[in-house]
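Below, each structure is written out as structure tokens.
After this come two complexes, each holding subunit A, first together with subunit B and then together with subunit C.
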Partner chain A sequence: MKGITLVYFLRRFGIFLLTVWIAATLIYIIPRMAPGDPISAMVARMTQQAGYIENSDVIIAGWRKRFGLDDPWYLQYGRYLKNLVTFDFGYSLASFPTTVKEIVFRALPWTLGLLSVSTALFFFIGNFLGAMLAWNKTPRIIKGLIPVSMIFTSVPSLLAALMLLYFFAFQLGWFPSLSAYGRGIVPGWTWTFIGSVMWHAILPIMSIVVVTFGFWTLGMRGMMITVEGEDYVTLAKAKGLKPFYSLYRYTIRNAILPQITALALTLGTLVGGQVLVEYIFSYQGMGNAIFTAIRNQDYPVIQGTSYILILTTALAVFIMDMIYPLIDPRISHEGN
Partner chain B sequence: MSEAQTSHSNTTAKAKNWADAKPVLKVDDLRIHYETPKGAVIAVAGISFTLYEGETLGLVGESGCGKSTTAYGILQLIQPPGHIVGGEIGLEGKNLIGLSERDFRRLRWTKLALIPQGAMNSLNPTMKVHEQIADVIVTHEGRQSKEKIKQRILDLFKTVGLPARIYDMFPHELSGGMKQRVCIAMGICLNPTVVIADESTSALDVVVQRVVAQTLLKVKELLGVSMIMIGHDMGLMAQMVDRIAVMYAGKIVEIASVHSLFKEPMHPYSQVLIDSIPSLKEKKPLKITEGITHDPRNPPPGCIFQLRCPHVMDVCRSKEPVMRELKPRQEVACHLYEVDAKGEVKNVAASA
Partner chain C sequence: MATISANPKRKISRFNRFDNPWLNPFLITGVFLIVIILLGAFIGQFTWDSDLALVGNSPLKQPPVGVSHTTLRGTSVGTWEHPLGTDGDGRDMLAVMIVGAPRTLAIGFIAAAAGMGFGILLGFMAGFMGGRVDDVIRIASDTTITIPSILVLIVIQSVIPVNLVGMALLISAFAWPGPTRLIRGQVLSMKESGYVKMARISGASTFDIMFKEMMPNLIPYLAASFIGNMQGSILAAIGLEVLGLGPQRVPTLGKSIYWSVQLSGLSQGLWWWWGFPALILVVIFVGLLLINLGLDEISNPRLRQKVE
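Entry: the complex of A and B
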């Protein structure tokens, strides 16, 4: 009855697989809808550089065979899916001997770190301030200050990143302006390295947090006001419970549920905003990798990184789905 | 069965010695306004009544007449823009108005408990049923052993007729009647002096309504609490309460024992109210539709019922009637009656 049932788990897991499969198929179809094919494009590029290539027909035919482009579409598609499962995306075109897998797994931890810390921060700050805005015992001055702190909400994270970079890195020099850790520091589990990583992450994280938390503040404030009108909150007051206890256990506990749903829904957009922020700070995460790949027309890397981002986002949503019944006791029933 | 009989005789005994009854809650000239941009809506326009020990007082009236606002005013749960403008609420001789929030919080539930319209959403959906009862016990009595609290909650469940298996359940797993009984169990868990039941049965079907009403009665007799029952079901009221206060547009127009109010309602509004109880024998036209209610921001001078009253006179439009005890334990605010020198009550309209 309570908690996560097997049916609920299987259904959510099915949705997770379906999402990933649809996304992967789209990634497969979209480049193939573009005119031409990668081999003739490459040969055309080579012709441009070298003037004339002998036996280019033979080269094209050889490559087509080598990359399996002459096989029927279902074979190609099947091979593609198999490669996705084994994370085998082939070689990067721009930096040839490196595999896409290497690029992806080098960049992924940085992005995950940045994303999880900033998500945790803006979600906590946003909801905390929203609750403060709605609570009737919050001092007036704080209620006045919170909206002022939200001026960045109307700014895209890209612009906030530029502004933070300008003021805190170039003008004040408080924070480093690029990379994920200091030059000359050997990556490893040393305090110098960890300190440097944290130091470098502050501005990128801030540029995501300052533009995002206002949305959650307003959402939380609205939910708080709705929940405060509920009979059980009135009853909590009539019961003479301590104000802080009833705020936490009765109001916030219920007001935060739709916020968690919204978080699951916005995870995807969040990743999009991160791409540009990473690029501005030259942060060696997935966003930067995608951006570089697009500039170099490095199709395998674009495919690989997009796929991994979709996979992690879908995974995060799936985990959220698993956590949700534990937070809202009414949900598991709907899974039955 | 014997229990019901004793409880019945108890009630009659109480009714006989009414003069000795000890007042528990005294509401004096309570006024509650809701501020709106167009002026204050006068929700409760100076009402006074006394609740005696062990008594059940019914508060009836149409929707929007201020019954619930009165109850929430006593409990100091009025939400802004509403606020208590004036009056006194004395609980066991102590004025509650003007107490600090801190001091009043200690009186909540230990002295004044509320049984809300719980079938809908008076229970926190994210907390188990027992947690919601346990938290009020712990708040007011301090920490105690888990087994002790559990036993106490299970005893409460037994009192209100709930099975022990719901102890670990969430509110959404209960039926409406069960939720209502959880609310009753919660209401009596600290053995309060006064219980206010706010339309506790109105969202339930008639069978469950009856069961819940009986639970309320049983609990009341068991604990001997004083109770204010708010509702508009006159039939249910007749069975449940000792006295009825009829409210109209923020005022009490008549207070009388159930017996006299049903047998001989004196205020024209009470008469209409009693008359509008549906009957199987005849189809009665509704008399109250005549006339309009006044704007609650700007009540007319004189009697508040003048616009809809079938017996309206000139004096009603200028002079506000005061509550007078026209018969023993029957107070009415109406110009229609006069007391002559011999102390006899005369109907002015009938004699004219």
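Entry: the complex of A and C
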């Protein structure tokens, strides 16, 4: 591929694998470092809820054998890694014949759809406003937006979701409060369905965009001010280029590069926030799947959904790493 | 020299106490907001019965004082007996705030402090030792920072029941990459600076160079990173609580939101059930943001000049 050296590709791919491996291993090791094992803990919690469970020793022994918990640790760990690679997380405990894989891949498209639209929106709005703020021809009214967008950035998307849901769905009734599409609408490529999906997605997307764009506005403004001071921008102005042309070709295109790096770094936090927003709106994505699994003590589903989301995030970061050298060819040769 | 001291006006402004960068309005307002919350909780411990924060110790679904709430069963009006109202399980909201707010701040503080401890250790190790150690630490922090930490925490906490400190320490497992990267970068640039070279030539030990020469310069950066970590940790804790994880029997702000979502407090119009916890959280987050902006002005003097 043009612009990407083999060394760069291999290094980034290694980091992608490493990220997934670290996360998967943390998920694996920490619960096992605690006293007891997952199964005893689950039975203990069942006892806590139900009062008493007959033959709990037999149940524990049976499940231990079933999951191979008596094997040496490296066999267990190897089996775990193999299952992760093949996406085999076993069956859901709460809705038994369904596999975890089915649940995950039913929920994933909704989450990805919501996430990509909101990311595109806040990244565009944030950077656009940031660029406008640093430009001396921007009207004062728009510059007054800085403090407003700053206050919003400190509010977590979860709380924004609660407030938007309460005011716009329950109090005013302008938007639906539940699910990803209207009741009784058959999913398919029909306009009714697509319209309904878009209608239901507005509030969840808004709750992420409203609290996130300010961060990008501020970052972009800072970068714009730095780049504005560069000699090549001064030269572009001295050459008599049209103000907007020099703004776009010389300043914005250079200022946006660190913003893209920052996007890759904050993607993890973003996915976490998205999960909570989906849960608040009962949107049938991964957030809701995780919550249902937590409530049902459905450990395989919790593990499977979390793992797939971590994998997706790492993959997205990797893809961004691959696109980045096409935007900024210097990066591929860095450190060589 | 003569021209500077000959200008009396300049001299006065230099000794103006508001010239102290630590007294900038952002920092003061932010600290003020956090102190108000802590103070409110502290006074509340002595003047209000915290047992009211437990299930069933108050009537159900009472609105806050001065608010009337109409349901099919009739209208109830808030009284001073429960100034912020009560929730659907009979917890007094004021008591929940008094018990919950300091716990939320405590989780953030413990997690950020532990993360900072690891970060300082690893950052100095990476910056000073270089070579393989630096490579390992740098790659580990670069990868950990992209992991959606809340998902790992969800998986762990759905298996292990944790208390407040346990939850904070688990969260801190994701709070170290920020400070590590920051300190590593600063140490690398300071290592080449004149005063550190001078200290080394005059025979100062590595330990002295780290803590006597470099550390004082790092304080504003560390403070900002600490506050940033507090925001992140509180956010993670609230996220876990809102999903129904975390300490089970103690009322917390996140748990309150969890119950109000679960028991349809939103659709019933019981806004005080989730609204007050959300309000306290917003005040905490805005306070921390302002502190961070204030610290930014201290560590980055260019920001102190007004931009045209």
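Quick note on the criterion: the second predicted complex is superposed on the first by the 300 of 336 C-alpha atoms of A that agree within 3 Å, B and C clash if a C-alpha of one lies under 4 Å from a C-alpha of the other, contacts with A are read in each partner's own complex, and residues count from 1 in each chain.
To be clear about the criterion, a contact is a pair of C-beta atoms (placed from the backbone, for glycine too) under 8 Å apart; a residue touches a chain by one contact, two chains touch by 3 or more.
Given the structure is predicted, the values throughout are model-derived calculations rather than measurements.
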Report task. Label the relationship between subunit B and subunit C on subunit A in the superposed model as either fit or clash. Result -> fit
Query raised in the report: Which partner does A:329 contact after superposing on A: first (subunit B), second (subunit C), both, neither?
Result: first
Report summary line: Between subunit B and subunit C, more residues of subunit A are touched by C
Query raised in the report: After lining up the shared chain so the two structures overlap, which partner does A:65 touch, if you call subunit B first and subunit C second: first, second, both or neither?
Result: neither
Requested in this report: Check the residue A:26 against both partner chains and state whether it touches subunit B (first), subunit C (second), both, or neither.
Outcome: second
Query raised in the report: Thinking of the overlay built on chain A, is A:79 touched by subunit B (first), by subunit C (second), by both, or by neither?
Result: neither
Query raised in the report: Does the superposition put A:267 against subunit B (first), subunit C (second), both, or neither?
Result: second
Report task. Identify the partner contact of A:163: answer first if only subunit B is touched, second if only subunit C is, both if each is, neither if none is. Result -> second
Query raised in the report: Between subunit B (first) and subunit C (second), which does A:225 come into contact with in this model arrangement: first, second, both, or neither?
Result: second
Requested in this report: Superposed on chain A, how close does subunit B come to subunit C by Cα atoms? Whole Å, please.
Outcome: 6
Query raised in the report: Following superposition on chain A, which residues of subunit A contact subunit B and also contact subunit C?
Result: none
Query - List of subunit A residues in touch with subunit C within their complex - result: 15, 18-19, 22-23, 26-27, 30-31, 34, 38, 41-42, 45, 150-151, 153-156, 158-159, 162-163, 165-166, 170-171, 177, 225, 264-265, 267-269, 271-273, 275-276, 279-280, 290-291, 293-295, 297, 299, 302-303, 306, 309-310, 313-314, 317
Requested in this report: Using the touch definition up top, name the residues of subunit A that touch subunit B in the complex.
Outcome: 1, 229-232, 234-242, 245, 249-250, 253-254, 257, 327-330, 333
Query raised in the report: Can you name the residues of subunit B that touch subunit A in the complex?
Result: 75, 77, 79, 105-110, 112-114, 116-118, 120-127, 135-136, 139-140, 170, 172-173, 183, 186
Report summary line: Per the touch rule above, subunit C residues touching subunit A in the complex are 139-140, 142-152, 154-156, 158-161, 170, 173, 231-232, 235-236, 238-239, 242-245, 257, 261, 266-267, 269, 271, 274-275, 278, 281-282, 285-286, 288-289, 293, 307
